[in-house]
Each structure stands twice: as structure tokens, then as C-alpha cells.
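Take a look at these structures.
Two complexes follow with subunit A in common, the first pairing it with subunit B and the second with subunit C.
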Partner chain A sequence: MDRLSALLGLPYTDTVVVAGALVLGISAGVLGSFAVLRGRSLVGDAIAHSTLPGVCVAFLVTGTKEVAGLLAGAAVAGLVAALLMIAVERSVLRADTAIGVVLSGFFSLGIVLLTHITATGDAQQAGLEAFLFGQAAGLLERDVAVMGAIGLAGLVGVAVLRRALAATLFDRAHAAALGLSTRLVEAAVTAFLVAAVVIGVRLVGAILMVAMLAVPTVVARQLADRFGRVLILAGAVGAVVGVTGALLATRAQLPTGPVIVLVGVVVALLAVLLAPDRGVLARRARRARRAREIALGRALGDPAAASAGARRRLVRAGFLTEDGTLTPAGAAAQEDRAERVALAMAWLHYGPQIRLRDAREPDLRDVRRSLEPDALTELKHLAGLS
Partner chain B sequence: MDVVEIAGLTVRYREAPALWEVDATFPSGALSAIVGPNGAGKSTLLKAALGLVPADAGTVRIAGAEGRAALANLAYVPQAEAVDWDFPITVDEVVAMGRYRATGWFRRVGRADRAIAADCLERVGMGAFAHRQIGRLSGGQRQRVFLARALAQQAEVLVMDEPFAGIDARTQADLLDLLRGLADEGGSIVVVHHDLAQVRSVFDWALLLNVRALGCGPVAETLTEDRVRAAYGAGLPEGTPVWTG
Partner chain C sequence: MTADDLVIVLVAGLTATACGLLGPFLVLRRMALLSDAVSHAVLPGIVAVWLIGETRAPVPVVAGAAAFAVLCVLGIEAIRATGLVATDAAIALVFPALFSLGVLGITRYASDIHLDLDSTIYGEIAFTPFDTVTVAGVELARSGVVLGVVAVLNVVFVVALWKELRATTFDPAFGRVTGMRPRLLSRLLLVAVAVTAVSAFEAVGAILVVTMLIVPAATAALVTRRMGAMVAVTLVVGWLGAILGHVTALTFDASIAGAMGLVCTACFVIALVGRRFVGAGARRRARELDDPPVGAGGHLVGE
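Presenting the complex of A and B:
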């Protein structure tokens, strides 16, 4: 840690915080991904909130704020809450209701216990509030070691179980037919969530922890289509978010947990908007481009009936003169379009009769270029086009 | 020889029986269909055979094995309803899942297994899509991938639940050709199918089901007009040719 401190040029205490944020980011990113991909981020939120009474009870029992003991309490409470949610959901309520009830119940209990501990004026109690909103101050090197050990155990679990988990999350019925126990997988996803929450709750706090579970996977999913890559990216994004947030917070003297979470939310927002393929802007652009193509094609088909805007675009493309006659290029484009439309119609009609070499279907916008040559010849023959 | 033997299979959802003392056999090396009206228990039969829904009574033997051991002998293509199409997984990864039972859940998928998976993908005409995310395929292409995943299992019996529902005509024809070819090479295939005319023209064997088994045997003997009318009752759509052969 001293060497790391020298490397980063940070004071020792800040280095501990950055190391903690790194461990937290990687672990929460990877371990939280399964719940997020399953659409169960809120279970993570409920588990995080539920750790509070566990921390308080652990403090009351041990009388110290040794982090390992408090985290053990957090883990037990988180597990109990998770089991309770599953039980409640199985018996009477819907999942979202079960989550809401368990979350608020446990959290209220935690607040009551916390207030009680504060009221008794135990000198040692200063610091338990850290588990609400997270706190960098007072984080020790051995706390980070505990976090790292839990994280490492979780990552090993992921490495061992990832294939079974992916199979079940993707296609439950098929995974069951392969002999996988759905319950086992559910238990593993829950255990990973508890581990991630326990790692993060000291630094980020019970209330904000869900962001660290969700953000990395949201970003990773925007950028990757393979499960393994999503896992690795989620870990990397979590690490970057954690470290950046921790550095910013220590520089600016701001609360660490909220700053880390804010950094994460900004990164997630950017990924949702700007991701090259799945991003909102990329999708918008694709749709707009398609709409333009279609509009231009229609205008070219019948320039006289086209709107003023569409005609202007035809003029700009060099297909139409200002006085509304087709240029030679325009005439060629018009003919080309007519041929493409005819081929598309022909494919819709005769396509099913034509054998293809594999499952690749032609793009109806341009059958000529996307259909294999033999099939194209056959199609033209069937449709009487030459 | 019978590769699937079902005896006295009874399944109840709440009180109503979904399957009632069903006896049925499916021969090896044949293309077999399970037909019957909506609500006849066709999917339930498959799920009970797989142990995905609990049976109240009865036994299912698959290639001589019962219970969980039987799972090793079959490859299942489920209805696509429970699939998360946005899941980050590519076509080749999906097909590789077919090898998980052989490789185990923890070891790496080796080169031989990857070759088997790639070969199965080619057989369904999807080689060009190996790196595509599964959700970016058409319905027919997805069904091809699921068949490839099942083929990759190299199991004794291939079991498919309504594989042609909502699928384009070309995929239907291609997959049916493929299944017919597999059966001709000695493969055993059981398909839940709703198209009686197609069952009559392409399949070898049929189980006619409406909660009870109303017939099980070679298609021509099983799907007689009387039996089909009895199975479908008023549920047979007006003008459906009951017997076209």
C-alpha cells in the first residue's frame, strides 16, 4: 500500500480509499451483473438496505466497530432479507411488492437500531452512520483486505459458475433440460449480490449501493454482445468509476460514496446515449437515415407529386434540375429504383419457392446485391424480369 | 425398438387433469409427431417427460433411462417464450451450450466441441451468423440456432415443442427437410406439431392427444378421420380437411 501510495503520489489514507474503491468497483460490477441481466437490480437494492440492521446488531453484540465483524452482520442480514424476499414471493405477493416490503421493513429496523445506539451515547458508535451513505474517512488497510478477500471469493465463484448462470439466465427451460437446478442458480445470483453489497456498503452506503451494482453492467451491455465480455467490461467500468469517484472526492473534499455514484450515473448516461450501436443517438440516427432514404426514393419515383423539401433534396443530389426535370443521373436513379422495387416485390411473391444455400435472406431494399447470383437469376426468371 | 416409452403419465394443474393416464411409445429412427387441440397437454407431456413439471403418476423412459438420468439421452428445443432475447450472447455461444453436458459446466469448451458446434450451425444454414447477438435474428433464424444447439448435444432423442409456430415458410420447409433427413439416417425425433396435413405427409408416427391418448402408432393408422374428430371435437376449425391422404 505504501508503494501504491508513492506510485499515485497520494497521501497514505487517500491511497487506502482509492484501493477500496477499486476493489468495490470490480466486485460490484462483476457480481452485480447477473442480477441486472436478470432484471433484478432492485433485489440488490433491497439487500443493500437490509444490511443496516445487521451492522447495528453486530455492533451491539461485539461492542466494537471492527469492520470484519460489522460486515459479517451485514452479510447475515442481507442473506435473511434475500431469503425472505424469495419466500414472500413464492407464497403470496408479486416480486416487486416483496422487494418493497422487505426493503422498507429492514431499513426501518436499521434506522431504529441506529438511533438507539446513538441515544445510548456509546463513544464507539461514531462511524456507524458510514453504513448509510458510505464514508471514506477511517477506512483502514485491513478493511480493504477484508473487502478484497470477499471480492476474490466472489470472482472465483463467478469463474466457476458463469456458464451455468449464463445458460439459465438466457434460456431457463433449456438449462433445466440440461439438468441444471434453477434453484442453485438463483441461490448463486443472490449470494453474489450479498457479497457485492457487503464489499461496498462501508464505502458507498446502503442507500446508494444499488448504483454500483447496476451501472457497470448497463455500460458493459451497451458496448458488448458476448457474456464473457460483458462480465469483464463490467469489472473494468466498476473499477474506473470507483477510482475516479474516490480521487475526485478526496481532491474536492466531498463525500466519497455519493461522488462515486454520481460518476457512475454520468458514465451510464453517456453509454446509454452514445454507445456506437445500441446507443439512443445511434438508433435515432439509423432511423432518421432510413426515413430519409425512403422519402428520397419515393420522391424519385414521382418527383411531380413530391413535397417541396423532398424535391430540394433531389435537386441537391443532382437528380432534378431547378425547373423540375429529371437529369440523366436522376433518370438512371429512377430506373434503378424501379428495378429494385420490382425485385423486392418479386422476392416477396416468388422467394419462398427459391432454394437458398443458407439462412441468409436478401435485404429487400436491394435484392440484387444481397441475393446470391444463382438465386437472383432464378428469381428474375420466375418473375419475368430480365 | 421404442426409444421413448410413456406409461400411465398423469399430470394435474390444480384440480384439472392436463394429462390423464397417457400411454405412448415412440420408435427409434423415426420422425414422430404429437398432435392434438390447444390445451390437449402436448407441451405438458414434453415437460413432464423432462421433469420440468412434476407428474402425479406414471413413468417416462428415454433410451432405457428414467428420471434425471433420462435427461442425458435427449436434446430439447423449448418453446421460445422463456428466452431472454436481449441477453448478451452470440449465436456460436448459444450452440456451444449444446456441448455443456458433454464438457461439464466448468471445463473449457475444447476444440473438438467447438468443431461440433460449428458443424451443427452449418447444417442449419446459420454459419454466416456465428457472431451475431441472438436477438438480432429473425424468428426463423432463431429457431434454426436452437435446432443447432440441440443437434450439438448429439443425444439419442431430439424433442421439439412447436418448432414451427410463427416461423416463415422457408425455415419451416428447411427444418422439416433436415428433420426428415436425420430420421432417415436413424435419428429419433419427437415434435409437437399443429399442422395435421404436414404430419400426414412427412411424419412416420403420431400420438393423438387430448388429455388422454386417443391413438399412438403409424400416422396412417392413428390419424383416422374418426379419431381426429374425436380428439378435436368442436375445436376443429370449419373447413379443415380432416383426411387428405
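Presenting the complex of A and C:
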């Protein structure tokens, strides 16, 4: 840690916070992705709030603010809450109601315990509620070590179970048919989530933890389609967001948790907008390009009847001369388009009569490229095009 | 029970009434967690009002908070509408961001004043009897008046739009076909939730508002399947929470809001466990009417 401190040129305490943010980012990113991909992002919110009564009970039992004891209390309470949510979901209620009820109940219990502890006037209790809002400033090297150990255990668990996890996540019936115990896998996913929350509550607090779980997966999902890649990317995004936020916060002397979360949400929004394939802007551009292609093709079909704007685009594409006659390239393109249109119409007409080796429908924009040669010949023959 | 205790119970009961009228619709429409999101998202509004106007007077604070509540709901809707992010993930992005802004505002500019997180998160229902206004010569608890007005508004809202709200909750497509405008109703409901939540936070604290919006309604959803009965059960559970919660808090010398929430949760647990024993036979019979098992219905076997 001392060497890291020298490397980053940061004071020792700040280095500890940055290291903690790194650990949190990676573990929350990877372990949170299961909840987010299952549409249970806010389970983390309920687990995070549920740690409060656990912390209070741990304090009442041990009588000290020993970090390991409080974390253990938080973990047990989080696990109980998570299992209760699964149980409530089995009734007529939906996931979101289950989450809301468990969140409210545990948090109410936590407040009652907290005020009870305060009322008994134990001088030791001061700062217990900091657990809720996080307290990066008081982070010790040993805390980071504990966080790292929990996170590592979770990551190893994910690595070992990844096939079972993916199967259960995407197709429960399939997983059950394979002989997997989906309940056991679900419990494992829950345990991972609790581990991530317990790591994060210390640093960013319960309320902001929910964003730490959701942001990396939202970003990773924008960039990748495969489950394994999403997991790895989520870990990487979490790490980058955590470290960037922590560095910014120490530089600007602001509380760590909120800065990390704001950095993360900005990154997530940028990913939603700008992602190369799935981004809002990319999709809009793709749609506009397709619309232009269609309009250009239509104008090419009958240049004389096209609007002035469409004719200008045809000229720019090199299909039309200024005086309105087709260039050789234009004539070829026109012929090509006519054939594509004719084949598409022919497919709509005679397609059902043609026996295909598989059941894939051809792409009507260009049947020639997506139909097998035999079938194409047959289609042309049927339509009298050959 | 002293007069102050009575005021506290009444204020909590009014909160339960205002929230309980909307809660069943939220739970049935799967929007329960929006109340939690809104409860955190209003923080920057409260902070901004303090920074700009240097005031904690209720009207501007409620206006500032309401602005951010609406911003939160619209933000979630906008992200969801891209079709790239699921609703729950959209909620998980928007409200922590707004809450973070609020925390930053407090620590950066307002740490020296009395605008601590405790007062917005925990609220302090215990102080409601000491903050009074005089209405027509009678001294009343201010938050009691505010929540009374909100409760009456919610009664008017729910009663006037009862048929429409009920129909679009269960079948938005039917509502649209019959000209009921489900999207508008959904927005109105959200605005009502935001206004209720914001005016109640100040008096009783966010967690009690969230609890009162979700837990009694969830309890009622376990007990009955009729909309009218659901609202009635919700109100009963809410008032039970208010009364018994206050007694519990006094007994254990603990947070009043927390104890009220715990009593509501206890009602939920009783309903959840009770369902296993009571009415299981009736539900099975109801299912069999819909979907007669082979061999059980006469005509499938005998005929």
C-alpha cells in the first residue's frame, strides 16, 4: 500500500480509498450483473438497506465497532433479506413489491434498533449510522483487505459456477432439465450479491450501492452481447468508474460515494447514447441510412418522376448526369434494382412452392444473396425471369 | 395518551390514509419501487431551495422537492423508452444520481446549516406537535393540516377516477379502447404519488412514507382480490401501524416512524403466513373452476 501510495503520488489515506474503490468497482460490477440481467437491479437496494439492522444487532452483541463483526452482521442480515425476497416472490406478489416490503421492513427495524441503541446512551455507538451513507474517509488498509477477500471469494465462485449461472439465468427450464438445482444456483447468485453489497456499503453507503451494481452491467450490455464478455466488461467498467470517481473525489475534497456514483451514471448514460452498435445515436443513424437507401432506390427506379432533391442525390451518387440522363453506372444500378424488386415480388408470390433445405426466409432486400443457388434458379424459372 | 401523542398518531394516520389510497394501484401496476426512488430523488430539490432561497419554509421546499420528483419520474421514463435499459435498471441509475447531487450539495455548500440527512431520511414525526399553525382561531399541527389536505385531495382523485384507475390498472388495452387514456392516468397517479410523498417526507420522514405506500397495500393484495376491499384493508393496516407503532415506540423508547413501519411489516408477515392456512382450500377450488384437473370434473371422465 505504501508503494502504491508513492506510485500514485497520493497521501496514504487517499490511496486506501482508491484501492477500496477499485475492489468495490470490480466486485460490484461482476457480482451485480446477475441481478441486473435478471431484471432485479433493485434487489441490491433492499439488501443494502437490510444491512442496517444486521449492523445494529452485531453491535449489540459484540459491544464494539469492530469492522469484521459489523460486516458479518451486515452479511447475515442481507442474506436473510434476500432469501425472504425470494420467498415473498413465491406468493401472488411481484418482484418489485417483494423488494419494497423487505426494504421497508428491514429498514424500519434498523431505525428502531439504532434509536434504541442511541437511547441507551452507549458512547461507543456514535457513527453507526455512517454505515448507511458510507464513510470512505475512515477506511483502513485492513478494511480494504477484508473487502478484497470477500470480493475475491465471490469472483472465484462466479468463475467456477459460470456455466450453471448462465444456464439458469437465461433459461430456467433448460437448466432444470440439465439436472441443475436452480434453487441452489439462485441462492449462490444471492450470496454473491450480498457479498458485493457488504463490500460497498462501507465505502459508498447503502443508498448509493444500488447504482454501483447497475452501472457496470448497463454499460457492459451496451458493448457486448455474450454473457462472458458482459461479465468481464462489467468488472472493468466498475474498476474504471470506481478509481476515477475516488481520484476525482480526493482531488476535489468531496465525499467519495456520491462522486463515484455520479461518474458511473454519466458513463452509463454516455454508453446508452453512444455505444457503437446498440447506442441510441447509432441506431438512429442506421435507421436514417436505411431510409436514405430506400429513397435513393425509389428515385433510381424512375428518375424522371423523382423530386428535385432526390435527383440531386442521384447526381451526387454518380448515377445521373446534370442534364438528367443515366450514366452507365446508373443504368447498371437501375437494372440491378429492377431485378431485386422483381425477385422480391416473385418470392412473395412463389416462395411457398419452393422447397428449402432449411426454414430460413430470405432477406427481401436482396433475395439473390440470401437464397441458395438451386432455389434461386427455381424461383426465376417459376416467375419466368430466367 | 397525551394530546401530543394523539397528534402524532393522527398525523401518522393521515399519512397512512394519503398513501393507502394510492398504494394498491402502485403495487398492482408494479410501480411500488418508484416511491422509494422518488423519496431519495427529492433531496437535491430541498438542498437547492436552501442554497437559492435560504429557506426551509414548507411551500418552497415542497415545490423544489416536487420538481425533482417529477424530474426523477421523467428521467426513468426517458431511459426506459430507449428500449435499451430495463425499468428496474433505469430506476437504479436515476435516483442514486439525484441523491448523490443532493449529498454533494449539502457537504459542499450547506454543511454548516441545519440541513442534515437525518431530517430527510429519518424525518421526525415526534416533533410534529410542536410546529403549529392557527387555522380559523384553532391551533393545529402544521403537518397534520398539510397531510389532511393531501389526504382529501387523494380521496377526491381516487373516487373521481375510480372506474378509470381500476380498469387501466388491470387492462390498459381495454382502457385505451374505451377511451380512458391509460398513459395520462398513469402520469396523474405518479404526480399524486410525488405530491403525497413530498409533503409527507417533511413531517414523518422518507422511510415511513415508502413503507406506508408499499407495505399495507402489499398486505391487502395478499388478503383480497377485489379493488375496493384492497383499498379498505390497506387503510386499516396503515392505521393499525400508526396506532400500535406509536405504542411500541413508547414502550421500547425507539424511533416512532421505525416502529410504525415494523407494525405494518408484522401485518404483512401475518397475512403471508396466514395465507398458507386460511383460504388455501378456497383458492384451490377457484383454480379448479378455471382449469378443471383431469379426473376431477365429471364430464372429463364419466360422460
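Here is the rule we go by: the second predicted complex is superposed on the first by the 311 of 386 C-alpha atoms of A that agree within 3 Å, B and C clash if a C-alpha of one lies under 4 Å from a C-alpha of the other, contacts with A are read in each partner's own complex, and residues count from 1 in each chain.
One rule holds in what follows: contacts are C-beta pairs under 8 Å (C-beta built on N, C-alpha and C of every residue); 3 or more make two chains touch, one makes a residue touch a chain.
Keep in mind that this is a model prediction, so the values were computed, not measured.
Undergrad: Pick one for A:Leu348: touches subunit B only (first), subunit C only (second), both, or neither.
TA: Neither partner.
Undergrad: After the superposition on A, what does A:Leu93 contact: first (subunit B), second (subunit C), both or neither?
TA: A:Leu93 sits against subunit C, while subunit B stays out of touch.
Undergrad: With both complexes superposed on chain A, which partner does A:Leu281 reach: first (subunit B), second (subunit C), both or neither?
TA: The answer is neither, since A:Leu281 touches no partner chain.
Undergrad: According to the stated criteria, A:Arg163 is in contact with first (subunit B), second (subunit C), both, or neither; which is it?
TA: first
Undergrad: I want to verify the contact counts: of subunit B and subunit C, which reaches more residues of subunit A?
TA: Comparing touch counts on subunit A for subunit B and subunit C gives C.
Undergrad: Examine A:Ala329 and indicate which partner it touches, taking first as subunit B and second as subunit C; both and neither are also allowed.
TA: A:Ala329: touches no partner chain.
Undergrad: Using the touch definition up top, name the residues of subunit A that touch subunit C in the complex.
TA: Per the stated touch rule, the residues are 36, 39-42, 44-45, 88, 91-94, 96-97, 99-101, 103-105, 107-116, 119, 129, 132-133, 207-208, 210-211, 213-215, 217-218, 222, 254-255, 257-259, 261-262, 265, 268-269, 272, 278, 280.
Undergrad: For the complex, give me every residue of subunit C touching subunit A.
TA: 27, 30-33, 35-36, 40, 79, 82, 84-86, 88-89, 91-97, 99-101, 103-104, 107-108, 117-118, 121-122, 207, 210-211, 214-215, 218, 221-222, 249, 252-255, 257-262, 264-265, 268, 272, 275
Undergrad: Can you tell me which positions in subunit A touch subunit B when the two form their complex?
TA: Listed in rising order, the residues of subunit A that touch subunit B are 37, 160-161, 163-164, 166-167, 169-174, 176-180, 221, 224-227, 229-230, 351-352, 356-361.
Undergrad: Which residues of subunit B touch subunit A in their complex?
TA: Touch residues, subunit B against subunit A: 50-52, 68, 71-72, 74, 76-79, 82-84, 87-90, 93-94, 97, 100-101, 105-106, 124-129, 133-134, 138, 140-141, 144, 146, 149, 168-171, 173-174.
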